[in-house]
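Listed next: structures, encoded as structure tokens.
Both complexes below contain subunit A, partnered by subunit B and then by subunit C.
Coming up: the complex of A and B.
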């Protein structure tokens, strides 16, 4: 089921490579000349660490490569390396990401611009290798910027963008790039790898400035603050996240100038939405069955389109509302769950509902949960979803149930 | 192979006597620790020994919460908080960051001391795995200093794996039915780390009652190259319930009774030092009751408890393969049911 995707013309000097999403990330990391990286095994993200290890072993990257004894240490080590001025990379999947939770918590308030890759994976128990987005989503309130990508090319480009955005002094917050386990981490595609010269033009060196921990700059970082100051510090975090909106727009504009590719709209991909009556939404590689299904439905005259959110934090509220308000009904497919949440919906559906609350035009919104644990989202699922949305569009209202796709009842 | 590898970048000679110790202070006013807090003294001596070209990372605990408050930090050198179980990772990450930047010419190459400290809760319990890992990464120069006040002091004095047998803590209060709530023998942290990390070049135990010795061990740990570990023994007036004026004396008594042995393990060679050396050579130890009965945390001890404690300390010196350091027994013992 081939999807019509625009082929990216190779720019002069670029190399075309057949590589997986994880390998594409490693290409970006070598181009970004990272300084310290920490590894710990868990599938499926660990393929990126294997790819980096090969690069270092073969002299394609000079960096401290530390095999940690657990994810807690894995994230703490790079956090500290970043505070002395090193560009760092880390990552994990599923319960590994949860094991690092304390360290994930402290990284944003320390204003550490770490870039991490999450190879999204179902949480235990029971054990499952396949994708679910609950791992990365767990940090959504803590000051991490979160982005989902759906191709190896987008992974490479986003990794370069991520350093540029995170290390911008106006932001100084960590970024987690989510890649669906197996579907993206392990699937190969043709990727245009840019030259180092172009990357150097796009990506300045990390400069920690007066926050650098060094004997020449004897500062105290994170002293005990208590109620005297904590709310101001939280507010500063919030302002950094707010400033990220501008920084992200700027970075993508520059990216397009330097590399001659990249989306005009950094925040989400729109596919056949111009005249769409029904807009389906889903993050990550679920875009593949959705796009195929949409094309098939279009052939039958059904006006369906797709919005695939990239940035989940910061959330592009106004832009998203403007894009969704055009539709007569919206169907959100969450590859995650939030037990006991309003309407028992997934995280994305409820975020979109919240964003739409004050909108002048609020199309009916249907909430779906599907593809958990890496379960295939089939074309039948897509058609069923769209049909329910069309029915809601006609009725002018949606039910408030959350529909689980393809579940054995 | 008879050699050891080194990546030492500096030599910090030991201070030859207290009069030769630098007068500069890098841990000054501003901390809010209890009167008589030996851990605060350890901080002061530690950084005096290391000097100004040092980065200090401090794990959560009294030496963070009571010690380093926003706007009143006592640290003159760069200082950063790290998580309770992260002293090993903090030392490693900081050292790795410096190394990468110096290697790539983005930072002036020079010896910068990296010291991460932790309490007994943070180091001997929660962060033990991370410390262990760091001690295997021999290419990074850093020191982990565990200040042992024998409880989770900051959270209100709770039993840790480093709390002595029988001590009254808020998690082990003596009651009318159970007199001894904490029946675990104290972990042998320094010995275990020395034995378990054959490429770690330096592990030592120190006691701030012997300040010059203590500072010189820090200087050696920072000079020798690679990751190193120091365990300091810190009387804590609040947690142990004694008059603050006795801190220094209790530090001495712990050594003189043989409860806390002073030793260093350098490239695998064990050396007892100070008063511990005399004990290891067979000089009589003071009875443990002289130490225990000065502290409220042992006030509920019966004669039987005191005897038990004494017998366990006797074993350290009479039965262990390497007295006071490695608890491998020379002979097999009969097993009897738990009391």
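Coming up: the complex of A and C.
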């Protein structure tokens, strides 16, 4: 049974710390010895910039820390720093991420391997702090690699992996690590922090090679182009994203070797899926009520499992289809919305539907939207979704609509 | 299989780091026995705001799986111990995170513990603490509301004393030795703080509270509208214009009936109506429009709306007309003007007694008592604290890696 144990044995030399997801990110950044970081406050991402500032102030990290006058500049500055060979970090949340939108679109075609942290936050209006995934998902079509993490430990590990993957010359694309605001960014959990020596073995130096802006390597980056050039550039980007599949697999394999932990399957976490009739899906910290609910339902003999996607871009189509095809019904809970989309579903549900379209076995798929704006997804919600999925499995078909969870009706 | 859940109810910004230290201390102490834990704040709170009540939580459990089981609810629905680090919160809590007034003991489990730092007798506190439908223990640690944890604040050992107290209340989860070890290792730890924890462990006062005791008042509540009942376009109706108080005279503004804000208050203005010169400044400058204009053109601070900021006292030109007094001195939100109108002699007697009680009128800007160290630390020394040394952020800071 694909049960991932979350109990981490401390490896020799590791330090155990009680830190939040944001602080875990900062630990990884110090271990990765980043060169340039830009900051502009917005909750919940600001907890990362505070943690990095503290590291620099305490002499634990030497890096340029530039407080920008807004997110647009914030992302523009690190983009430029990366082109001259600096390892960079940036981040934001919600509408702050949106304010950087122009820079976010130009980063992937310039092949800038920036690592960003998105503290997921509901987009205004209304002004709210709670989690929704629409902020990070906005860049899903642009060449950003997107990953959702679930725990502070996974945040630390993923940040190290992200530099390794993004800075691989075969890829050279930016990565946004999404962390649910509150549940992950602001909760302090016990985290195993590896030694610098291990990280150095895992993470090579950033080498931009012939793409480095330097007087000894005179190049122009981002010249204006007409219709004679653009589609070829898009084709290059697509190739880089395609190559990322291999690079990600390699990076996780190396990570397991060096650090003695990490998932066998980089793409998604499977929890009690081996014999599951119903598979529930959701990204990020929604896994907590889902896992607890699944354990409780298992105690009643209901065969339910969880797939928690990590990588959303690149999307692990074949592996996801193979895992889902084993189920009799699938329930996808989106912590996002896509108004006017097919069936009114969220982004993840429709991506999964698209992935399954040519599959030999297409289990009924029910679409749910829940947890918006940080609303709690309760165990009752989980039981309800599972029961509806069991009914769909018996009927052998989906109901082709989207069910909202936890709304005051 | 066992777990332990604890909440810390504190006042925004001044006690934010204090609450965080307590919750971290709980997890790190429990870790000494190999347990797992998590510490987190109620995210919907706005703990950066001056005086706003807010909550932190700590959950520890024997295994990671059991910890998850208890984290499945975003906010714990019941806690073994409620820790309250400002006794004026005994009147209830209305935060940014929810609507309505929540009794301080709302989440405390039957036969659980409400642990408060206070100098008030338990009987006085029980006039404020709401009745509960199950018995619980009211445990008092003799101390004033601490500012400890504010960045430039002198350490007053409150976090260490609370942890020492917890090791008495829940020794099976937090042994005194484990607590002391965790304090020793903390960034803010020191040998003196370990000694404070040990003293607090010995000096708790506990009183069982039965179901008949406490404030019988029903806390105000608010039912949230359904999605189709709400206005579209993220819009809300404005508060209507107010109306005369009586007989076409005076003015009472309409107020939000669902969000009253008074639990942010640690002091309230006490008004000597005989000294009022009717200049209107308190009414004009109050950021919360809390003054009602009376038919005789006086200004009565409405205690459902007052946050206790003290601006009225600061702008009042009349000598000793407005005096800010600790909230601990009051048991209700009744109108002072009504009391004055009804019986001026009784009012004067009450007023004189209230504003001349130095325990309640020595205060600082916006938040509680000025000169608390000079006056109170000595008292703390006698009742369980120990001599305070400087130390920012902690005497052990140089040796720490965090």
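Going forward, the second predicted complex is superposed on the first by the 404 of 409 C-alpha atoms of A that agree within 3 Å, B and C clash if a C-alpha of one lies under 4 Å from a C-alpha of the other, contacts with A are read in each partner's own complex, and residues count from 1 in each chain.
Heads up, the rule we're going with is that a contact is a pair of C-beta atoms (placed from the backbone, for glycine too) under 8 Å apart; a residue touches a chain by one contact, two chains touch by 3 or more.
What you see is a predicted model; the values in this text were computed from it and never measured.
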item	value
Subunit B versus subunit C as contact partner of A:125, first or second or both or neither	second
First, second, both or neither for A:288, with subunit B first and subunit C second	second
Per-residue touch tally on subunit A - higher for subunit B or for subunit C	B
Which of subunit B and subunit C A:213 touches, first, second, both or neither	first
Partner chain in contact with A:79 - subunit B first, subunit C second, else both or neither	first
Set of subunit A residues, in rising order, touched by both subunit B and subunit C	none
Partner subunit A, residues of subunit B touching it in the complex	52-55, 57, 64-65, 68-71, 73, 75-83, 85-86, 88-90, 92-94, 96-101, 103-104, 106-107, 112, 129-130, 132-133, 137
Interfacial residue positions of subunit A with respect to subunit C in the complex	6-7, 15-18, 60, 125-126, 129-130, 181-183, 186-190, 288-289, 291-293, 295, 374, 376, 378-379, 407-409
Subunit C to subunit A touching residues, read off their complex	23-24, 27-28, 31, 36-41, 43-44, 63-65, 68-69, 71-75, 224-228, 234, 401-402
Of subunit A, residues touching subunit B in the complex	33, 35-36, 38, 62-64, 66, 68-70, 72-73, 76-86, 88, 102-103, 106, 205, 213-215, 217-226, 228-229
